[in-house]
Amino acid sequence: MLIVMRLGATKKQILEVVQGIEQIGYEAKISKGAQRSLILVHGNIGYIDESYFKKYSGIRDIIHISKRLKLVYKENVGGVDSVVDIGNNIRFNEKYSHIIAGPCSVESKDMIMETADFLHSRGIRIMRGGAFKPRTSPYSFQGLKEKALEYIAEAAHKYNMKFVSEAVDEYSLSLLSEIVDVIQIGARNMQNYSLLKKCGTIDKPILLKRGFTSSLDDLYVSLEYILAEGNQRIIVCERGIRVFEGTKQRSIIDLLGISDFKEECHLPMIVDTSHATRDRNKVPGLTRAAMAYGCDGLMIEVHPDPDKALSDGPQSLSFNDFDMLLIEMKKMSDLATKPIKFFKEDE
Amino acid sequence: MLIVMRLGATKKQILEVVQGIEQIGYEAKISKGAQRSLILVHGNIGYIDESYFKKYSGIRDIIHISKRLKLVYKENVGGVDSVVDIGNNIRFNEKYSHIIAGPCSVESKDMIMETADFLHSRGIRIMRGGAFKPRTSPYSFQGLKEKALEYIAEAAHKYNMKFVSEAVDEYSLSLLSEIVDVIQIGARNMQNYSLLKKCGTIDKPILLKRGFTSSLDDLYVSLEYILAEGNQRIIVCERGIRVFEGTKQRSIIDLLGISDFKEECHLPMIVDTSHATRDRNKVPGLTRAAMAYGCDGLMIEVHPDPDKALSDGPQSLSFNDFDMLLIEMKKMSDLATKPIKFFKEDE
Amino acid sequence: MLIVMRLGATKKQILEVVQGIEQIGYEAKISKGAQRSLILVHGNIGYIDESYFKKYSGIRDIIHISKRLKLVYKENVGGVDSVVDIGNNIRFNEKYSHIIAGPCSVESKDMIMETADFLHSRGIRIMRGGAFKPRTSPYSFQGLKEKALEYIAEAAHKYNMKFVSEAVDEYSLSLLSEIVDVIQIGARNMQNYSLLKKCGTIDKPILLKRGFTSSLDDLYVSLEYILAEGNQRIIVCERGIRVFEGTKQRSIIDLLGISDFKEECHLPMIVDTSHATRDRNKVPGLTRAAMAYGCDGLMIEVHPDPDKALSDGPQSLSFNDFDMLLIEMKKMSDLATKPIKFFKEDE
Amino acid sequence: MLIVMRLGATKKQILEVVQGIEQIGYEAKISKGAQRSLILVHGNIGYIDESYFKKYSGIRDIIHISKRLKLVYKENVGGVDSVVDIGNNIRFNEKYSHIIAGPCSVESKDMIMETADFLHSRGIRIMRGGAFKPRTSPYSFQGLKEKALEYIAEAAHKYNMKFVSEAVDEYSLSLLSEIVDVIQIGARNMQNYSLLKKCGTIDKPILLKRGFTSSLDDLYVSLEYILAEGNQRIIVCERGIRVFEGTKQRSIIDLLGISDFKEECHLPMIVDTSHATRDRNKVPGLTRAAMAYGCDGLMIEVHPDPDKALSDGPQSLSFNDFDMLLIEMKKMSDLATKPIKFFKEDE
């Protein structure tokens, strides 16, 4: 920890701060600059709360070199990326990126089987499908709940699919963790620390969506809540952040945020290109851009009949649209540092 | 619902939209403007999903006059404000505004009793105190939990205080609803719809904090989740919204948002002037400003010894600071349209 | 224009509004919805100021179908894109996209000749180079001014280059318009309407940068100021918009904004991928992403010796870095709907 | 300047940075922390550009203790506030705050004389009135220009009024500086550095509006441009900043920004409570709040007949509205640390 004194701080002020540091058991070392004095705090292991120093005058800034978060930073965990294995040879944060596709919600058994069959035939082995849905109206379709889990289990078994589905509370988390392979925590629950702690104690990978108004620092706090409870298998998902252009579009993919995140944190980051716009016509462009920039995977909403979808229809791709996008994605994949892994029939 | 066609939309395009409306059972009426045609949809009771109209060309805009939210809007509930009675003659959204004061967290029995005694002597009858705390580090003090509830119960009884305390999940909600008088849902959980639904089913007033990056429209969705489950007793709390000046300050009180909210929604809105800044020196200024602008109450953090507080110390006022602020608040109260209610010794 | 009445607006209120409309010479037509009445205003040519209707009660919303801007919207100019020809067969908004490269500022004759030679050899024919620089400190290098223009003229002539350079006031605008081929107006001057009007009267193409906190609607006003004075040759440049992640990065490229812009406005939009980050290591990623998403051109800072650059060094690419990026850009160009035009030696 | 090395930076990396510092003529001093090494740069007078250090690995952060701005910071100018005297005994940043009132634009001689007469009778001696108007449509009324200046001169003389009017370019600046007492630079031109430099060379006080999307740091750069040219008489005006609630309201007064500004900068800051909302009904509330928070003055739009105003009608107060607001302001003034100065008939 480093304390930056104001210009013209008196000797007396500096000595008082030094004494204050020593009173709480640390060593202080004064470093006088051309213009300003700095006091370096040695020997602290935990976080020293800034409020302790409020009583001293002459302080300009306090810089915490020992941060309040520990496990989330790459530099604290040996500087290497953490690989997240979700089974069936699918590993995030290694040399391949992966596609997660499927409908917003599980609407019926037929549509889930049909979608799983389609995606499997395209070499995709991770499917999304919501059983519990937090919608922007309490009167909208909220998911098939327990029923959806049956369909997911059947499709997963028949098509050798890994399933991602969202938990919205403890109850859904406990049900889902019996059935699905990856538990999603949605953007609205990104700061539901109570639920995150629970995610830290289960033996399933977590897919945490960055809140659409959350800074990376907010995200790191949320990740630390999961990591601190012992679950290191987390895939982070950028889904666009809200900007002042509120009336025109939902959000903007924070591309620079992906590389900032990957520099600072050891976890994989994928991009959800469906939620950043409410318009399926813009999904291909954002998908190409995210791939061209570089990321660990993509999440895309696909529906057998988007115009009749019970949720997120306008931003969902039909099978045909998705096939056209796959052609573009394959070309883009050839240029990417992390090409997409397409699985063979029997993989 | 109103469909605005593009300039130059053809007769054919217009007729197709009309037929589409009729196919789903509604009546359509074309209204031709000087420059543009409008199609008015009659007879719809529920919300018609926009995605249905994606297939038609020539549409420029769809305006939902029947909104997806119902109970939150003042105009839908007779145009009058809802009074929220929390007991002991304390009613929000009537002619008085009210002060809620107390520490961020319950740290010990002594500090709670001491603070309750102090606040009671100043004519204040609503106290805050966290038992379950969602902190920005998983390693920070997370509250005394069950133990805190004992202290709250004792202080409430001895000093005839109404208590506000935050629930962070179902478990804490169920415990708190046995003991405290008002259940707070914090800014981070404002979109935890699952928890909000539970709040809708209990027989206690709810104090819902607006998320610090939430628009009023986001807030209305959250309120509707509670209202739709049957609980109409909700106090809304503005605690500052995040702006681009991220490095300088935590957030900005959205004063205009208070009057926008009060025009549109029938519920009371109070202002938390402690959380909008991390600096106790700025609390008095914001408090005066909020009172001068007009609001239904104030929430202020007060602590017997802020420099030793386990949480939010820098923004908490000492008893002495608070006494000085009360002098200013009383003067301001004389000018306010909703003066603050200070209770007599035996009230 | 359309006036949406409140729920429960009385017959009397509606008739008063109708009379108000008729008093100012327009025709009003009432359209009664299932829940709400609308009043459609016929016959208005100009903009009717909303303030006129402030005196009437019962109005909920006023929708201006006749907008206050005219020339900027694609639908008002026949629905087709405007091609901007800057000479030498270089046309923006046609089938090719174009690269504009070069240093932030003209620092010496040598560096300009050297950069022009390099870019020419890579098939690039548009060069950037600031003569007048608005810097974030008045004590920083502010450009070589008149001297820079000499060097630009010489390089343009020798290497058959088109030059883009920034005007910051009337004086620099008048000097630049004698020498360079495209006049840039920087992000900070995007709302300097006085300068924009001047740009509307000169016979040179304008490159207008979107302000980094400007909405598209703000941008349209600025464009209208130029267009209204008679200059239709404008290239718009997205350079990233500021988001709440202020401490981490400068800005975020608004990719969805590009397609929103292209749908609404008839002018070409290019992307400056150097200014969106202060870090040259992130320029290639953003460049690939912008190309993959789709745009009309790219602006990239290239400098013979970035570490010694007098301005924008950290975000400038060396010749070597740029060569490596060109390899990627050529691959990406093969996939793009608007491939980049690289000129032959003698073009 | 202070260089913070990464955790685990090697001795070699540290020594390379030290050598780099010495190569450019400064002294480096290593300060080893418990976890991290710091390198303190001594002896630098000017700003050392960060780009110089891009070539070194192992650096985590560079902290500029010597800032790139000098004259704007209070601590650099002796720690005292600068009083801005605009004549007739009116001094900003002393013990009184002052009201600036008047119409958005000068629309006719009559309305200016009528408003001046009214304001004078209420003890107000500073009047606003635009001669050159930057409007959000090029087709809107742009001001009476030279004609307006005549009327201003006459009213100023007859009623002993100080006048504030906006310059939008060099031409208007030069005309205005002959006639009016304070030159306003509007929010849209806050980063028009060329115009700001010109403001630095004239012998009139400047009223600089903070841009509605500008951070305080952006504002400081703009102020430094004026200060560096020698004009120290600047009044800064907060007029609300844009937030994500774009559809609901224009902007939010950044109250905390006022005290942050006053702590860091020596100049006075007033608040324009008319422009932060487009609704005159909200002006009184914001005015009371700004006074209650504390500021050096207020700017309020007043018009003899707001409903017929050629600009800003909806947010302008009538004489009657303003009289009612004055009653509230006088009460509030009694509580304020800086009461408003109302002038006597013959002052």
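By written order: A, B, C and D. Residues from 1 in each chain.
Here is the rule we go by: a residue touches a chain if its C-beta (ideal position, glycine included) is under 8 Å from a C-beta of that chain, and two chains touch if they have at least 3 such contacts.
If you're wondering where the values come from, they're calculated on a predicted model, not measured in any experiment.
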Farthest chain relative to subunit B (centres taken as mean CA coordinates): C
A-D compared against A-C, more contacting pairs: A-C
Gap in Å, rounded to a whole number, between the CA centres of subunit D and subunit C: 27
Approximate Å spacing (C-alpha centroids) for the pair subunit A, subunit D: 40
Averaged-CA centre spacing for the pair subunit C and subunit A, given as whole angstrom: 33
Subunit C: positions in contact with at least two other chains: 213, 215, 242-246
Subunit A residues touching subunit B - in the complex, by the definition given at the top: 46-47, 49-52, 54-55, 68-70, 134-140, 168-170, 172, 188-189, 191-195, 197, 211, 213-215, 221, 224-225, 228-229, 242, 246, 306-307, 309, 313-314
Residues on subunit A engaged by subunit D in the complex (per definition of touch): 2, 4, 6-8, 29, 31, 33-36, 38, 40-44, 63, 65-66, 75-76, 79, 213, 242-247
Subunit C partner contacts - residues on subunit A that touch it in the complex: 213, 215-216, 241, 243-245, 248-249, 252-257, 259-260, 276-277, 282, 285-286, 288-294, 328, 331-332, 335
